[in-house]
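What follows is a single structure, and I will ask about it in a moment.
Chains: A, B, C and D, in written order; residue numbering restarts at 1 for each.
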Amino acid sequence: MEIGFLGLGIMGKAMSMNLLKNGFKVTVWNRTLSKCNELLAHGASVGQTPAEVGKGYIDMSTVDPETSCKISEAIMSKGGQFLEAPVSGSKQPAETGQLVILAAGEKALYDAAVPAFDILGKKSFFLGEVGNGAKMKLVVNMIMGSMMNAFSEGLVLADRSGLNPNDLLDVLDLGAIANPMFKGKGPAMLQNNYSPAFPLKHQQKDMRLALALGDENAVPMPVAAAANEAFKKARSMRLGDLDFSAVSETLKDLKHST
Amino acid sequence: MEIGFLGLGIMGKAMSMNLLKNGFKVTVWNRTLSKCNELLAHGASVGQTPAEVGKGYIDMSTVDPETSCKISEAIMSKGGQFLEAPVSGSKQPAETGQLVILAAGEKALYDAAVPAFDILGKKSFFLGEVGNGAKMKLVVNMIMGSMMNAFSEGLVLADRSGLNPNDLLDVLDLGAIANPMFKGKGPAMLQNNYSPAFPLKHQQKDMRLALALGDENAVPMPVAAAANEAFKKARSMRLGDLDFSAVSETLKDLKHST
Amino acid sequence: MEIGFLGLGIMGKAMSMNLLKNGFKVTVWNRTLSKCNELLAHGASVGQTPAEVGKGYIDMSTVDPETSCKISEAIMSKGGQFLEAPVSGSKQPAETGQLVILAAGEKALYDAAVPAFDILGKKSFFLGEVGNGAKMKLVVNMIMGSMMNAFSEGLVLADRSGLNPNDLLDVLDLGAIANPMFKGKGPAMLQNNYSPAFPLKHQQKDMRLALALGDENAVPMPVAAAANEAFKKARSMRLGDLDFSAVSETLKDLKHST
Amino acid sequence: MEIGFLGLGIMGKAMSMNLLKNGFKVTVWNRTLSKCNELLAHGASVGQTPAEVGKGYIDMSTVDPETSCKISEAIMSKGGQFLEAPVSGSKQPAETGQLVILAAGEKALYDAAVPAFDILGKKSFFLGEVGNGAKMKLVVNMIMGSMMNAFSEGLVLADRSGLNPNDLLDVLDLGAIANPMFKGKGPAMLQNNYSPAFPLKHQQKDMRLALALGDENAVPMPVAAAANEAFKKARSMRLGDLDFSAVSETLKDLKHST
């Protein structure tokens, strides 16, 4: 199976490498040519133009539903096939082939891509018409953003009311709401360490888009709206480039938040 | 080791049974004597008065921090020892000895109780002065209540924007925010099934107490506050005796919420 | 002074009538010609096409800042002058010349229009570059929408806690937060009378646009966001075409809200 | 008519002076005797103990409904009569006899006090059973607190989006939501001047008590809850002793809020 791959950022490089290692024939293209070198060494070809890379177009980046629909129309109007396939998961799952793939659009193209998706991810979904992949990602990230706020409020409340926040992390990890995000980010948050895995400004953008989706469909989302304002407050504190867990700083007083 | 056990509701019965099965000598007392019978058959004794049951007093029910401190003072003023030890977990963990025990108060009494706690729970914490056990439970339940709202908003948003909510459950369960509560309650929620495991009115009470704790300590908690108002809305819709996941009904329009 | 007037809805008709009565020469245009008749009887001329009506273009409708800027560019690219001039006030102030005019754009055009604005309104503002008129209106309506929610919460709280809501209206009207909106809409709200003066769906749209403006500028607005979700809840209850005071229905339980 | 007056703070002194000037016979008592001097010079007598001052007891301070009911019971159990009569209005209205009096409790005592209330206020209400005066005050202050947040959000949004906030004040003052609070406090807020007329911590306490009243009666109040969290945020920023308009600081970024 021949695959063209456009865009070799952190995610794209890891993903195309996985394909190469599993015997796929991969042609890559990147604005900055030098980023292709490591993949060349592993057997990739380099395309001269994006157009050369392929006619069945699968967009694995994360864009909003409206943009995705516009791209789809543009490609289909020229006789191409389009599939959106944003992924859930960041650098490490990309490297280990443990992404979750949220595909939507042309079903035939999805079926053709399944062998590649099986390499890239632990699970792929076909979600129907174009836009549904983007929507699903927004819904998941919206829940995640609200949870991060709830978690932050809990950590700060524990600390201010005389509890040891490390005990809270231990208790949470034993109960019904134990989850990888609390376990993974909690200890760093207690150190005020917000190295960006998922930048706060991107999380806030996804909250905004999810709220817009709710607006279109008349779905009230009071908790997401409160969480969104907290992220906006964090942006106003110049924390937009830090990890989205930095939203916890909005809950601290000046003495503590330095 | 001799243990007296006051109160044989769902939790108390399961817990005292576990102690009996593991060789502890248990004296029970209950307002309704008939509830003691099954435990008598397993070797328990029955106390004639609560006072007879024991002088080192461990309160494993969930009360607010202030009440817990008053009980502690009353017992210590008469020369007794007091430990609060609310538990995280409901019926099934009680039966299988998988509770999480949040103890605080008299350290010596905690140390003496550890062999029993090891039977009752998978983990026990000693959290310092009286009130800290209650506070920890409030913090955990507050996070849980906000998460339930975020989850509800996601499920309703998915449904209204043309996604299959079952797909959302599957995607969530594969990602960074996968947790037992989403997995356990999600399918029932999609059936509008809110059989009460943890009644909504109790969850709302814990939100209120957690917010009051935040008020005392000047901790803003905008997401918890929004979640609390949603639970209050649910109470006004006469949903207080259903499971706290019934808060999702507040997000639905009249046609859907019947 | 010669004035062309496009669009003779409730507002436009009242405004052009005021201009005629004060000696202005007015040419009107309306999609439905019959609406021009009453104005003809008062001395207006009728234009054959919108283009014929005038080259200095003043938009007194309410559009969002972005749209206003696009209109401005289109007109200026053809050598015309543009002024946006949304108004604050509804039917009655339009008829009595008591509008507040929020103008922005071409200052020379504003200066030329002042004699007409003096007839139409009790006060006109020149707010600088195009878009500022629209923004000002959004800010005012955002405050108004949050106030309506606060007022609704107070009315329902008074009623449910055993007070006479009419007493609340009287008390409010004597104090520091007395305002025409509470006085004007309060009695009807207590009768569950929501005849639309300003439809809820339009109020919610303005809240959304104001929140978007806050998002662009990283201004957290937690109260407006909560108010917006209440308006969305009202939309989901099919109340969008009623007056925006119908948001109070979101606070009532089923028995009361029938 | 003879009147005893306990407590000569800013409000009490102004009120008893008004009574003296209007021919009432006034006996005063104050913990610090020296504060009675000016009133003595105007013809007041000084009581030796609070008990000496009077048996029909009217509490014009602001306490929560529960406390008011306890005071009432204590006085009635000794054969006394009780009326709660918190006032709306601060120093200046107290001096000029322009308070609004929210009385509840013993109707006979209210009737007897009307001649005095007519001197002290521009209007008095009899609201029924004890507690209703306190509740009415909480409802009014809750609306006021939410309005102050809405106003603050508007002022900051205007400023950050390129409008002149002074224009906003002018526009607001001409429209349907014009009110004395916006007009009175707006200009000072634009100067970051928060001299305390009504301290933020007291406003936040009233929001908390109003929310508690809503909780008892299952009334959701999402906007008040969001406003309350903003006031709590302000408290965490050490702004509790400033005027409640200082809540606007919670919306500003670090550079602006210094």
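Keep in mind that, in the parts below, a contact is a pair of C-beta atoms (placed from the backbone, for glycine too) under 8 Å apart; a residue touches a chain by one contact, two chains touch by 3 or more.
Not measured: the values here are computed from a predicted model.
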| item | value |
| --- | --- |
| Intersection of contact partners for subunit B and subunit D | A, C |
| Classification of the subunit A:subunit C interface as same or different, half of numbers criterion | same |
| Mean-CA-position distance for subunit D and subunit A (Å) | 51 |
| Subunit A and subunit C: spacing of chain centres that average the CA atoms, whole Å | 40 |
| Rounded Å distance between subunit C and subunit D, as computed from the means of their C-alpha atoms | 34 |
| Residues of subunit D whose C-beta touches two or more other chains | 214, 218-222, 225-226, 229-230, 233, 236, 251, 253 |
| In the complex, subunit B residues that touch subunit D | 208, 214-215, 218-222, 225-226, 228-230, 232-233, 235-236 |
| Subunit C-touching residues of subunit D, taken from the complex the two chains share | 88-89, 100, 102, 122-123, 125, 127-129, 132, 135-136, 139-140, 142-144, 146-147, 149-151, 153-154, 156-158, 160-164, 167-168, 170-172, 174-181, 184, 210, 213-214, 216-227, 229-230, 250-251, 253 |
| For the subunit C and subunit B complex, residues of the former touching the latter | 222, 226, 233, 236-238, 251-254 |
